[in-house]
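Here subunit A shows up in two complexes: once beside subunit B, once beside subunit C.
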Partner chain A sequence: MNYTFTSKTKNICFILMGIGLLSLAGGFIADSHRAWPTLLHNAFFFMAIGLGALFFMAIQYAAEAGWSATVKRPMEAIASYLPYGAAIFGIVVIMSALHMNHIYHWADPAVTTEGSPVYDEIIAGKSAFLNPVFYIIRTVVYLAGWVLFYRSFMKRSEIERLSLDVKAWKKSQSLSAYFLVFFAVTSSTSAWDWIMSIDTHWFSTLYGWYTFAGFFVSALTVITLLVLHLKSKGLLPEVNENHIHDLGKFMFAFSVFWTYLWFSQFMLIWYSNIPEEVTYYMDRFENYKFLFIFNLFLNFFFPFLVLMKRASKRNYALLKVVGVVILIGHWSDNFVMITPGVLKDHWHLGWVEIGTMLGFLGLFGFVILSKLASRPVNNPTHIFYEESVHHHI
Partner chain B sequence: MSHQSASVREPLILGEKTYHQITEDIAKPIEGKANNLFKILFTISALLALWGVACFAYTIGTGIGVWGLNKTVGWAWDITNFVWWVGIGHAGTLISAILLLFRQRWRMSINRSAEAMTIFAVICAALFPVMHMGRVWLAYWVLPLPNQFGSLWVNFNSPLLWDVFAISTYFTVSLVFWYTGLIPDFATIRDRQVKPKMKRIYSILSFGWSGSAKQWSRFEEVSLVLAGLSTPLVLSVHTIVSMDFATSVIPGWHTTIFPPYFVAGAVFSGFAMVLTLLIIMRKVLHLEDYITITHVESMNKIIIITGSIVGVAYLTELFVSWYSGVEYEQYAFLNRATGPYWWSYWSMMTCNVITPQLFWFKKIRKSLMATFIISIFVNIGMWFERFVIIVTSLHRDYLPSSWTMFHPTFIDIGIFLGTIGIFFTLFLLFSRTFPVIALNELKTILKSTSENPKPPHH
Partner chain C sequence: MSKQIIYGVFDDEEVLISSAKALRGQGVKIRDVFSPFPIHGLDPVIGIKPTRLSNAAFFYGMFGTSMAVLMTWYMMIHDWPMNVGGKPSFTWFENMPAFIPVTFELTVFCAAHGMVLSYLLVNKIYPGRKAHNPDPRSTDDMFIMEIQTVDNKKVAGSEIISVLRNTGAIEINQKEL
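What follows is the complex of A and B.
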């Protein structure tokens, strides 16, 4: 069974992309200081969802999970955005590191030049790590690494599709182990590089895992929404409400996990009240108060209270509502992670930010739906297919 | 639970077992006589425990001045042991709760003994903060009781008080979870007993379990509820233990990664202790068909994952201490790695980060001997981790004129050895009086995962 990417859906994607291009272009013309962090924010948010989906797929192999075999195609489709997302994000980040904008303070050579009026001793102390050359090398390693892993996974997926051999699956399992090791290191270091270094003075050891928790729960949500979309089209009949229930549990559990890390980072910094650390939250609490607090409602209280009940994890309509709320919540959380370090209190959340987000959404949708339409959505040669079809909890 | 099992999955019950054979195999240690190996192990453990009790008594009689603490290092051996034991106490509930939620069927042969171990470890852990109060007879002052019971009201702002609540809750829920699982198994033992006295004891222990469908249905429901309750508890306990340190302004203690990193480390050490115990127990009690190489391999995979998480956290701390540009932070880590306690830092690194990576090799992962040795390494490494965090951060503080070293006294060492004695004594007693495998639960997967010829698919 194939997914048909109808011309109506395609047109919606194109319209969204058009809105995005117009907003972004308008944003750059009106105020490039505002457009740059928006571009970085959206490029990161959507790319990270692709990465999160790839991570979740690798986990399925490593853990020898049986239940998820029938929802593997949607995961692959979401991961297929990774090469496009990485290309866009890579360009934005490299331009930023070359000081073509004011996202990264450390990228300004004057800041680390002794004797210059804007010389900053703390940033100069970090320049062995935060300098454009080393930074760009690291960025390329992360992005190229992930994309290469994605490509290997897709090659292996074709081999698995055409064979019933257990060995084919075992090889994919080894590939997953390599990817997970690479991911374990790069998911943290890339978060320090790309996002933590925006607030250049500030540091938090938990930052990498916190960033990961945010994009992972977003990826789980997109997987769920895509599966529900396919089911609404009459596809994936072998996915029953038990699978959906499991996906709902993941959304629930990792919303709680994100909150756990949010709380750990916030509480420890608040409690100790050390000036060099607490500034991060002071900026956010003074200038972004509403979003800062509202994020907790979107990302914790709402999914926690709504998805607590078993029945609500089996209610497709409700899951869709919660999914959209979680995605808005983490998009907004990324906004509060990125913008304050660049724009301080001169921020906006208007047509530039939302329009750019819609544009990326259009591209993201177009890429993953095209991928989904390119091959059958079911996966009957998976070695755990039978287990997954008979999944019942 | 899925009834279909892919052919790629290894059997979890070896040999051509029948339902009856499972009961026989698991009831045997309770019904038979103790062998010499058991008697030797028990004597050693009990003597060690007695030695610990003597050191406890001496501490209470004389005061905690008999420990090696000084004015700079006000926390050392005692809190190291406390955190070490609490960490070990994480595996049991992780296995019974989180692995239940993840439907890991290999959990069934090991959950009972892992939960027992959890409870004994938490008991050992709790002894240290109680001891450190000095006047243990006033220990109830840690509870928020009305003022006529004591002159002090507890400080709710202190993570030490959060610890009191976290650990007592964890202990209670773990105990209830463990006991609930035991009820049907005690009933099975009761029904097999021929001696009236024993029958009476097991009949009390089994709360009159009759095995009706209604009881089973409630049993399953309560198990799921307890699993749901225990999951956040597993995370909360070591999170709060980590906050004992991380809420401070001590370099090396105050770092935001502590909560999840402590939890990962706790699971890591807990699984190491489970492996240490089970590799011996399966041999002594002849449970090789139930605790198979596949079980050991699965646990070793958890050791790799949690060990690697801990490794990433160590490197993150190290990097960020440099990146922060804060001189105190930088010195704290330089001092750990190259200061007078360098040997403890490098023991920790070797045991916790390097040795578990050997499990990437399938041969080592499937070797009982290698697993046993590495599990001991991890136990040692995790003790050093807490020692490194606690002592090296304190002994050179903000005031160089107060810099000093910590030397444990023989009482410190005696109490630690004593808790190991208490732990093993309790575990050995457990292994001869309790069904060490959840036999009734295990029977539910016999059809789908045993080596028995499989019934046709339905």
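What follows is the complex of A and C.
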């Protein structure tokens, strides 16, 4: 069965992209200090969802998971945004590192020049790691590495699709093992580079995992929503409510995991109360208090209480509502991670931010739905297909 | 009509499931099935309702949360306010982050122990209790279905036996109560 990407859906995507371009252009004309972090925030949020989907797919291979064979096509479709997302994000982040905007405090050469009026000893001490050349090399290694892995996965996926050979699956499994090792290191270091270094004076060893938890639960939510959308179109009849239940469990579990890391990071800093550590939370409590606290309700209390019961993880309509809330929550969480370090109290959450988000949503939707339409959504030649069809919990 | 227990002995769990379906189709109520291993998908077939243990667990957890809040408030705020790391010790809420780990642990503790104790009580399992097993072969290679005539006023015992025999029971034992 093939997914048909109707012209109506395409038009919705194009309209969203148009809104995004207009908002972003308007934002740059009106106030470029506000538009840059918005661009970085949305470029990262959507790229990371693609990356999270690729990571989840690699986990399925490494764990020899059988249940997920029938939902592999949606995962691949979401991961297919990664090359586009990486290109956009790479350009934004490299321009920022070259100090074409004021996102990264350390990117200003005057800050690390001794004797200059804005010389900052702490940042100068970090310049062996945080300097534009090394930073751009790292960024290119992360992004190119992930995209190359994505392309190898897709090549292998095509071989698996056309043959029933176990050897093809085995090769994908060893590819997953290499990817997971690469991802384990780069998911943490990339979060330090791209997001934690915005608050240059501050550091947290948990930050990489915290960022990962946020985008992984977003990716799981997008996978669930896409599978539910395909089911509502009558495609993927072999996906039964047990698969949906499992995806719902992942959404529930990783919402709790995100909260665990959020709280672990917060409590240690709150308790020790050391000036150089609490600056991060001071900014957020002084100027972003409502969003900062409200995120906990969107990302923890709501999914935790609603998805706790078995029956609610099998209720498709309820899962869609929780999924949308989780995505809004993590988008807003990323906003509170990125914006305070750049704009302090001069922040807005208005048409530029939301318009840009809608634009990226349009592009994201267009890319993943085109990928989905390019091949049958079913996966009958997967070696675990039979096991997945009979999945029952 | 005498009170009677009928044991249908099967040597294959698939045959047992199809037999149970046939019996349930005639309105026969099955008391229990004894099996050497858990049979996937058996519960709805023999008419066992889904467990309510998870609902109980939620309330045990809530109890643990409340106890933890009460305990931390009484010990650290009310009875003997303590200054730990310069944190204000006059309201529970301002110190709340420090109490979250305790609250979490007590919630899990109460939910887990409450579930275990409920499970033991509901199933009447206690130390020294004699095993209730109608046929020791059900711990080895046989699957045994127990049907009591007390549960089935509308279907005659002889009819149940004939259904069991026709659907693949290799042996049928009866016991008068």
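One rule holds for everything that comes next: the second predicted complex is superposed on the first by the 393 of 393 C-alpha atoms of A that agree within 3 Å, B and C clash if a C-alpha of one lies under 4 Å from a C-alpha of the other, contacts with A are read in each partner's own complex, and residues count from 1 in each chain.
Here is the rule we use: contacts are C-beta pairs under 8 Å (C-beta built on N, C-alpha and C of every residue); 3 or more make two chains touch, one makes a residue touch a chain.
This one's a predicted model, so the numbers in the text were calculated from it and none came from an experiment.
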{"item": "Touched partner set for A:D108, first subunit B, second subunit C, both or neither", "value": "neither"}
{"item": "Which of subunit B and subunit C A:D31 touches, first, second, both or neither", "value": "neither"}
{"item": "Touch count on subunit A, higher of subunit B and subunit C", "value": "B"}
{"item": "Which superposed partner A:E387 touches (first subunit B, second subunit C, both, neither)", "value": "first"}
{"item": "Touched partner set for A:Y271, first subunit B, second subunit C, both or neither", "value": "both"}
{"item": "Intersection of subunit A interface sets (partners subunit B, subunit C)", "value": "267, 271-272, 392"}
{"item": "In the complex with subunit B, residue positions of subunit A that touch it", "value": "64, 66-67, 122, 125-126, 129, 166, 169, 177, 181, 184-185, 188, 192, 201, 203-209, 249, 256, 260-261, 264-265, 267-269, 271-272, 274, 276, 383-384, 386-387, 389-393"}
{"item": "Sites on subunit C touched by subunit A in the complex", "value": "40-41, 54, 58, 85-87, 97-98, 100-101"}
{"item": "Partner subunit C, residues of subunit A touching it in the complex", "value": "263, 266-267, 270-273, 308-310, 392"}
{"item": "Residues of subunit B touching subunit A in the complex", "value": "1-9, 101, 103, 232, 235, 239, 243, 246-249, 254-260, 308-309, 312-313, 316-317, 320, 323-326, 360"}
